[in-house]
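Following are the structures in question.
Below are two complexes that have subunit A in common, paired first with subunit B and then with subunit C.
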Partner chain A sequence: MISLAGRDIAHSRGKFFSTGVGLGLLIAVTLSMAGIYRGMVDDAMVLLDNSGADLWAVQKDTLGPYAEPSSVRDDLYRGLLSVPGVARAANATYLTMQVRVGGRDVRSMVVGIEPGASMAPGQPRYLVAGRHITRGHYEAVADAASGFALGDKLRIRRDEYKVVGLTRRMVSSNGDPMVFIPLKDAQRAQFRKDSDALWQERRRAGADPERTAAGQVRSAENFKAEQAANPYVNAVLVQLRPGADPDQVANHIRRWHRLQVFTRAEMEKILVGKMIATSARQIAMFLVILAVVSAAIVAFIIYTLTTGKIREIAVLKLIGTRNRTIVGMILQQAVALGLIGFFVGKIVATLWAPVFPKYVLLLHGDAVRGLIATILICLLASVISIRLALRVDPAEAIGG
Partner chain B sequence: MKRASIFRKALLVVVGLSAAIALLWFFANAGPLAPVEVTVQKAGAGAVAPQAFGIGVVEARRSYKIGPTTSGRLRAISVDVGDAVHPGQVLGEMDPVDLEAKIRSQEAAVASAEAGVVAAEFAILELVARKEHAEKQSVRYEQLSRASTVSAEVMETKRQEMAVAEAAHKAGVASLGATRQNLMRAREELAALKEQKDNLKLVVGIEGLVVARRAEPGTTVVAGEPVLEVIDPSSIWINVRFDQIASGGLREGLPAQIVLRSRPNEVFAGKVTRIEPLADTVTEELLAKVVFDTLPEPLPPIGELGEVTVGLGADQRGIIIPNAALHSSAARPSVWVERDGKLRLAPVRVGAQGLDGTVQILDGLEPDAKVVVHSHRPLTGSERLRVVDIVSGGTR
Partner chain C sequence: MNGIEIEEISKRYGEGPTAVEALTSVSLRVAKGEVVGLVGPSGSGKTTLLKCLGAVIEPTRGRMAIGGETIYENAWKIGDLRALRRDRIGFVFQAPYLIPFLDVTDNVALIPMLAGVGNAEARRRAIEVLEVLDVAHRRNASPSRLSGGEQQRVSIARALVARPPVILADEPTAPLDSARALTVIKILNDMAKQFDTAVIVVTHDEKIIPTFRRIYHIRDGRAHEEVRDEASV
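Showing the complex of A and B:
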């Protein structure tokens, strides 16, 4: 038995395949949009994964350190180490800023970490090149997305940092690449004023009669020293011992150390539910519209394909072809079109995903869902065409 | 016809199959199903040079603050910041106010006392003459009295005259002593005033460099307030702060490399000269002093920032891996070991760590084990691997 659909497709190969490719590009856009949405959520998740923390201890009554500014004294971690169930605790600072290298600057999240292979939380989890930070000052590990290369000299505030390692997928919830620098440098960078501002501060201090009164010379000196010091960090990252209950430890710290503590689950809620909520909903909305438009276009294409064959269908009917055969032909063509479209779309989306400036995450689940949706939409769209085909009067084959 | 149709069918099947294979290959090697690119390195025997790295500030070990010992007004300063000074050089002077007049008055007092002494000496001569005359008279009248040629009354008178003259002579001698003492006192007072005047000069006691001039002529300064600050340039050292966590083994005498912020491409040799017994508890740093083997020329300004690297003694031999291979996700530090394309997470014990990124492994790894250094994604142990020289993304 010959395949009616196959014969028909073979009859107008070029037209059929170019339609399929066009449909594929549309599906590629839809899949990419889904990927962009997944990428946004994933950016937020990797931020949490990469910190390696089970608990985040931050300033009381804040949603820090990512969603709100938070500052705690940098010696608090010692107290947290004594809490039962805590394995490791480490300070961390986060500061989003423009990092300069050569003549250009890159928007980055500068993360201050405890240097050395003390395996403290907050360290970059894996590297794609180079090594971890070993010196306590002026070394950096950058995310490859920043475009920095090993050996580059980064300028953060007044200091130069040498890039000694590169990592991947270490981004802020906005998708800005992270730059890891030693904690003490980061603390200074966060609060460091430029030289002009320091001079002005000193002049103001000099104008303060309380400070310049006779016998107060030392206090003016101390004031200058205070200006350069910053004993604060944004958060203390806490790792738990295996088997420790995060909520119990969190409650202990909340109750006795008077800090706000977030568990992993709470942090996810803050990041996904609060920080990226609006932009994620925006993308999701657009995804829905795109999916509806794609479905409509698929339906139209199949409808036009069928209407273009009205005369042929009439002839088929005239020669006594059964309705089932005609319906089969239309269905097979629709599904074939959908399959070509899907695979072209999937390939194109995979190929262009790495070119996007922000992370595009193509999930297997999304691909399978996309495939099912495409087939379903094609089948539904062909229903209208089938109704049209079945109502064709065989007389049209001879007439008109 | 039939043949052509079979041929066409076969062609279709071949094309379809190859398309399907190409598709499968594409999805297996691009996108989320692709194998993970890793770089692998043999854990070889080697040595780690443990080093400590710190930053510090150039300071002068000995600095001299020069100021007046009494409060007063500054009259003159003869040196400025940057001038070299020598021992004994007068750098400035305080206003003596009425000291000059006091000295002149005292000089007059000395002269007057000297004249007093001369007068007293001449007075003694007169008294001696009188006394001798009285004695002679007395002897003569003694003889006359024995011959009974003079009355007893006259005799009495001569004896009394002699006693008076003797007493007057003794008094004169005593008075001369007093005027001499007076002269000595006046001279000492004059010397004290001159001493005081000298004390108003600001004198330096060392070979040094003026680094600060804190007051200008005309300024009133209190006793002890520094007017000039002089340092001994040969005593320049760096006050370095080392993170406590990486400074085990730091001790006096270790060689150090110093890089000054203003001269980033020059490395100066030095050595640790002192570890401060007091560490900084707030910043969790150790403080140490590092001296230059030979002083840089020109001298670095006091307060300049410098980076110091100190070798912490002998190399630690053993199994060496790059620190990028260490992972902290597990409860212990561990490394991914690759054997025949399979991954195994090996917990290890970490020894010495070098500033160049090498790490000594004490146990947990057999020599020649292949450890994963860089990877394109975090590893879970079940993924397919593709061993490459450079992980993509790491090339840039």
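Showing the complex of A and C:
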């Protein structure tokens, strides 16, 4: 038996394929939306992976350093180094801001790290060009996604930094490229006041230079030192010795150092379950809407194709064609349309994924799930057309 | 004989006071090799009779036999009406109604294919009939590329390919001019003899009525036979 669906598709291939391409663009959007979500999760995982940390020690009762502001003294890391199971500990600051270079600025996550400690947690990994930060001030390592080049002069607050190294896949959970600068510079940049604020502070302090806002007595030297330094960081990143139990070490730090400590698993929950949860729900809504729209379009197309063949279906029934042959024809056309749409969608999504400003991760598993969903949607969408075809009376072919 | 035979066929639509008696005790018989006309004005019941003969609608009562076998006697005697229509009744419609996405050969070969005949054998049978009807040279053409006359020949070939005992032609000349209409009737007469099949032509086309030797006039659901000495075809 010949394939009626195949012959019909071949007969109206222009219309069929152009419809398939249209559906494919819709499927490409759907796959891209899924890819954007996967990219966000991957960015979050990469952020944790690339930090090189096993534990994140942050201010008590906060979800820092990525999800909430956190502030801890920059000398705390010394105490953590003495905790059993801790191999390394390093201060880190995180600040998302506009970094200017030349006439443009780039949304970046500025990370403060200890210079010259390339093995410490929080340091940039995967250098693709240049070197690590070795000097205490005004050097930067930037992620290639920022578009910065070696030798570029970046402006962060009022200071200029020279790009000495480039990394890859060092991004925040929002997908912003990271720019690493020396810790001291980052601490200063984080709390740096503008000239007016400094003047106001000095004016207030000038009224009673020996007392703080809380009324405590202080010396003039102390006041100057307060103005010049910021002894806080956002987090202390901890690397454990091989075989050390992260939960045990975390509990120890929580108990004796009165800090909030997150393990890798807990940090994953914060990043994926809290930080990108709303975006994920938003994307899920889009996916549902796109699935419904796709189903409606396929249903409409198949219905239109079927209504255009009512007379032929009546003739086919009259000359003895079984209902299952006609149902098979409609289903095959729906599936063929879905397959054309899916493969067009997959190709288009793959081609345009690198153009997106944020990382789009197209997983094979998602593609397979997308294919199954597309086929199911097409099959469901053809139900109306099948009902219509089954209702066609062979007598319609007789009597004009 | 053994073409088609019906006795006292009636068809009523609806029930109670609103019921309509579309056919009342209609009897006719057409022998193999014979072409008869079924004529009558619109609403006379000829299309209803054709649908009953084609096993598309069920009569209310009576008896019908095709090829000597009773298929209806106050109820269908055959379970698979699709197979009955496919194997034992050929249909020629007012318009050719060829399947637009199949070429000429497959339009004709579709019927044996539906009956389970292999594609190659079905196409061989189709081409054989197309040759008889002088359209085999268009075997690979799409229906849309055929002339009106060629399309009608292909539709006759489709009706003949299963070698059915009866062919039902529903206004087959309605859209044609006189010359083409007479050509179609001549083809049907020739095929009836060559394929040994009974042909019933439903028509109200005045120009072809003189071509029938036997005519059944349908009026108000009743049939009256008219036999002529000479047919002009």
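Following the convention adopted for this analysis, the second predicted complex is superposed on the first by the 366 of 400 C-alpha atoms of A that agree within 3 Å, B and C clash if a C-alpha of one lies under 4 Å from a C-alpha of the other, contacts with A are read in each partner's own complex, and residues count from 1 in each chain.
In this text, contacts are C-beta pairs under 8 Å (C-beta built on N, C-alpha and C of every residue); 3 or more make two chains touch, one makes a residue touch a chain.
All figures in this text were calculated on a predicted structure; none of them were measured in a lab.
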Original post:
Sharing subunit A, do subunit B and subunit C clash or fit in the superposition?
Top reply: fit
**OP:** Using the superposition on chain A described above, determine whether A:198 touches subunit B (first), subunit C (second), both, or neither.
**Re:** neither
Subject >> Touching partner for A:184 - first (subunit B), second (subunit C), both, neither >> reply: first
Original post:
When the two structures are overlaid on chain A, which partner does A:97 contact: first (subunit B), second (subunit C), both, or neither?
Top reply: neither
**OP:** Using the superposed model, measure off the angle between the directions from the CA centre of subunit A to subunit B and to subunit C, in steps of 10°.
**Re:** 160
Original post:
Touch check for A:284: first (subunit B), second (subunit C), both, or neither?
Top reply: neither
**OP:** Have a look at where A:136 lands relative to subunit B and subunit C in the superposition and call it first, second, both or neither.
**Re:** first
Subject >> Residues of subunit A touched, compared between subunit B and subunit C (which is higher) >> reply: B
**OP:** Determine, under the contact definition given at the top, whether A:164 touches first (subunit B), second (subunit C), both, or neither.
**Re:** first
**OP:** Kindly classify A:327 by the partners it touches after superposition: subunit B alone (first), subunit C alone (second), both, or neither?
**Re:** neither
**OP:** Once the structures are superposed on A, label A:147 by its partner contacts, choosing first (subunit B), second (subunit C), both or neither.
**Re:** first
Original post:
subunit B to subunit C: minimum CA distance in the overlay, Å?
Top reply: 7
Subject >> Overlap of subunit C and subunit B interfaces on subunit A (superposed complexes) >> reply: none
**OP:** Enumerate the contact residues on subunit B facing subunit A in the complex.
**Re:** 23, 26-27, 30-33, 53-55, 242-243, 245-246, 282-283, 307, 322-324, 326-329, 331, 333, 350, 353-357, 359, 373-379, 390-396
**OP:** Spell out the part of subunit A that touches subunit C in their complex, as residue ranges.
**Re:** 1-2, 4, 7-8, 10-12, 311-312, 315-322, 325, 393-395, 397-400
Subject >> In the complex, subunit C residues that touch subunit A >> reply: 47, 50-51, 54, 56-57, 82-83, 85-87, 91, 93-94, 97, 99-102, 106, 110-111, 113-115, 119, 142, 158, 170-171, 174
Original post:
Where on subunit A does subunit B make contact in their complex?
Top reply: 49, 52, 75, 87, 114-121, 123, 125-132, 134-138, 144, 147-149, 164-166, 168-169, 184, 231, 241-242, 343, 346-347, 350-351, 353, 362-364
